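Here come two complexes built around chain A, the first alongside chain B, the second alongside chain C.
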Partner chain A sequence: MSYIHVQGLNKRFIVRRKREKGSLLREKQVIPALRDVSFDIEEGELVGYIGPNGAGKSTTVKILSGILTPDSGEAAVGGRVPWKDRKEYVKHIGVVFGQRMQLWWDVPVQDSYDLLRDIYRIPEDAYRQRLNELTEALDLGPLLRTPLRLLSLGQRMRAELCGSLLHRPRLLFLDEPTIGLDAVSKLALRDFLRWENRENRTTILLTTHDMEDIAALCPRVMVLGHGQKLYDGGLSALLSRFDRTRTVTVRYDGEPDLSVLPAGLGISREGELVRLSYEPETLPTPDLLGLLQKAGAIREMTVQPQNIDRLIADMYREMDL
Partner chain B sequence: MRAYLSVFRLRRRLETQYRGAALGGIICQVFFGLILIALYRALYAGKPQALPFPHVATYVWLQQAFFRMLLASDADLMDKIRTGGIACDLCRPVNLYGFYYARILAQKLMGSLLRGVPMLVFAALLPEGWGIAPPASLPALLLSLAALALGLGCVSALENITMAFTMRTLDFRGMQAMLNLLMMVLSGNILPLTLFPDSWQPVITALPYAQLLDAPIRLYTGEYALSRAGGILLIQAAWTAALILLGLAMWHKNQRRMIIQGG
Partner chain C sequence: MDTIRLYLRSMAMLMKSQLQYPASFLMQTLAQLVMEGGELMAVILLIDRFDRLNQWMPGDLYFCFGLMSVSFYLTECFGRGITGNFPSMVRTGQLDTLLLRPRGVLTQVLCSAVDPRRIACIAVGTVSLVMGSRMAPVLWTPVKALLLAESVFCAFWLILGLFLIEAVLCIHSVRSVEVANALTYGGRSACQYPIDTYPRPLRVLFTVVAPFALVMHVPASHILGKPLFQWPLWTAFLAPLSGIALFGVMYLVFRRAMRFYRSAGS
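This part shows the complex of A and B:
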């Protein structure tokens, strides 16, 4: 059996809301958060878990981290059922919630780590070794004696990651770890996750809205919408389904004769630059190239795929999410 | 002007969202009224003059010195429950009741020592009738310290029960206000329990709240004879054990039905 096995998971929530503005009455509404979700993940995989807000991603993570009990369905991680015997189960997992702090706010980071050492009963040697390893990989050295509240968001996220990995969990849940981080911090964080996944064969399930995270880290991606699994496979295969248009930007020597180009390419001019978009399926790229050369002498040219966020937005729209 | 009207309207609407809290507030205030009347009735019916005044002053100082032991809720902990930060703690291989009990205990212990010791030094320097009197005897002092330790264990168990209620209602104010009021009155913080009528004594001293500070203080002043100390400590220990068991059961039940809201 695979390392993570999820079969037919269902979870409903009951929400009470006002019937209408100003009404004193409230009505019950049943929201299906997960509908018959199934998947398998092998040990050492790095899987991206995406979907619009409210798709059921966090619900899945909560169930798999033993916090929430599903209404029906089964799940096993390393042969253990998460919501049974929570205390035993959680020894083997690590969780980072991007928007929730696990370390103590007012005490030096190291003191929080020492508490975690005692919580997970990590032997002192193993603890020292692991802490050194993580401190180096995450560049945390000078921050260990600093209270958490004085750290920047990026530093704090690195410190949180270190805390969640001290006990060498076999499985790490990351819930929007790059939220609010600057470009440098994001890149550093991604490098670290790749390293941890490769060096320690830690299985990672990454929930995010940042498609760059997925593109940079996850060979496999699962898409969730309205509580159902809609896609499971490689990111590029997913994108190619929706990625129909390319943008090409050309700079000509002298004034080009654009009348040779077929209509419907959405041509726009920006000073010397000519920009147009096309669908390689109806107009193969080599054919377009030939046409562009007929229009004039090309000095410089770039072809760009669609912006990944736009693609995902298109995908969500097409999947009716 | 529109901005002020608008914020007025929005806040008014928000207030109607907390119907549970409003109901809690009503119950709490009615309860407060009843308790206060009972308190004054007790004062009128009792014979306060029969008690030597230095005892009363000592009682008051010890109550004030260890005030932090009674009314100190861990704001971090309350926040965790309200905002869902408790999810992080649920991912730890620990029993949450024990984990939080230890937190509460540490806070109450250090909080009251930090404030209590300097306060007692100050109170000892005051003239007789204003200040704190020395303990009845050395054994009385030692026994009262033991009783204080048990009282600390007992009050931490009580607070963990408040915490368990908070997990059910998510808004801790109503329940907490009520439990705090009960604690203030029945632990003797507002009016020393020693001033209550004799006919009340068997009941109020048997309640858990009397175990927190009242029992240790009466051992200190010698109002409880040394021969009764064993029985007093036993009652304290029994309440502490019972409240811990109750809290454990409540947490256990809560954990089964818990939902961490939002992403």
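This part shows the complex of A and C:
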């Protein structure tokens, strides 16, 4: 059996809405957060988990980390059922919520780690060794004596990551870890996750809205929408389904004669620049090039693929999310 | 043992973090001192008007007030995680992070907060306790000292148990519910005075439901040499255990409630 095995998971939430005028009882609304979700993940995999807000990503993570119990369905991580025997199970997992801190706010980072050592009952030797390893990989050395509240967001996220990996979890859940981080911090974080995944064979499930995270890290991606799993496979295979149009920007010498170009290219002008988009499937690139040359003398030209966020938005729209 | 060590280490760390803001700490402690000192002044002014309350002389009353103050604020100081922070931990979903660690939830909640400002209130309580025992006067014996220690210890668990009622309601409704305050803060105000000064319904409430009378007044009356209801000495040792029993029951209820916990936020 695979390392993570999830079969037919269902979870509903009952939300009480505000009482409407004239009715005595408050209306209850049942929201299906997860509908029949199944998947398998092997040990050492790095999987991206995406979907619009409210798709059920966090619910899945909460069930798999033992915080919530599903209404029906089964799940096992390394042979253990997450919501049974919580204390034993959570020794083997680590969770980082991008918007929720687990370290203590007013104390030096090192003190927080020491307390985590006591909470997880990590032997002193193992703790020292792991802390050294992580401080080096995350470049935390100079920050250990600083109280958490004085750290920048990027530094804080690195400190959090270190804290949730001290007990060497076999499985790491990351819930939007790069939210609000600057470019340098994001890149450093991605490098670290790749390192941890490679060196310690830690299985990582990454929930995010940042498609660059996924593109940079995850060979495999799962798409969730309205509580259902809609896609499971490679990111490029997923994108190629929606990645049809290319944007072309051309600068002409002199005034071009745009009337030779066919309709439906969405031509727009911006000073000297002519911008248009086309689908190579329907209008072969050599044909377009011929037409563009016929219109005038081309001085320079760029072709751009579609923005990845735009693609995902198209995908969500097509999947009716 | 391991759990106690964890608690002590957490306390040490939290104290350190509180002292990161020394000025604020000092001012708040001072405010607490004024607050609880004022409370004591009110009691003194009130008692000054009467010679006695039933068989209780002023010294006896100061003693009871002190006993309640010391016990209640010890709980507020060292049980702050439950008496103060729990509702907001549920509301903000901070409780989730505790569920992700291999320790009991209640242990971690207790380890998550301390309120050293209450030292001021405990000091006022101690003053009242000493003043009362001087005036009564109490002739201290080892047995009486033991009774007092047991009473304070059991009261700690009783009050913690009563605060757990609010925690349980909070798990179910996510929002903080104030009904349980009737027993906690209400109990503190009422049971500053010996139980037999109250009419029957209140006496039943604070003996059977929230047994402040059993935990505090029964042993205190023996220390003061005026046994309540003429109960023998051994009852003074047995009765306070009801506080621990109440905590035990509430602990089981709390564990059951945690199964229905619905984590908030994402």
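Observations on the structure shown:
Just so it is clear, the second predicted complex is superposed on the first by the 308 of 321 C-alpha atoms of A that agree within 3 Å, B and C clash if a C-alpha of one lies under 4 Å from a C-alpha of the other, contacts with A are read in each partner's own complex, and residues count from 1 in each chain.
Rule of thumb we're sticking to: a contact is a pair of C-beta atoms (placed from the backbone, for glycine too) under 8 Å apart; a residue touches a chain by one contact, two chains touch by 3 or more.
Quick caveat, the model's predicted, so the values are computed rather than measured.
When both complexes are superposed on chain A, chain B and chain C clash. By the touch criterion defined above, A:Lys91 lies against chain B and chain C together after alignment on the C-alpha atoms of chain A.
Judged by the touch definition given at the top, the superposed model places A:Ile204 against neither chain B nor chain C. Contacts of A:Ser65 after superposition: both chain B and chain C are touched. Within the superposed three-chain model, A:Tyr120 lies in touch with chain B and with chain C [touch as defined at top]. Judged by the touch definition given at the top, the superposed model places A:Cys162 against neither chain B nor chain C. For the contact definition in use here, the residues of chain A common to its chain B contact set and its chain C contact set are 13, 58, 62, 65-69, 86-88, 90-91, 93, 95, 97, 99-102, 105, 119-120, 175.
Those residues of chain C lying in contact with chain A across their complex are 2, 5-6, 9-10, 13-14, 16-18, 20, 93-94, 96-97, 99-104, 108, 259, 261-263, 265-266. Of all the residues in chain B, the ones that touch chain A in their complex are 16, 76, 83-85, 87-88, 90-95, 255-256, 258-260, 262-263. The touching residues of chain A, counted against chain C in their complex, run 13, 58, 62, 65-69, 86-88, 90-91, 93, 95, 97, 99-102, 104-107, 111, 114-115, 118-121, 147, 175.
By the touch rule above, chain A contacts chain B in their complex via residues 13, 24, 53-54, 57-58, 62, 65-69, 86-88, 90-91, 93-95, 97, 99-102, 105, 119-120, 175.
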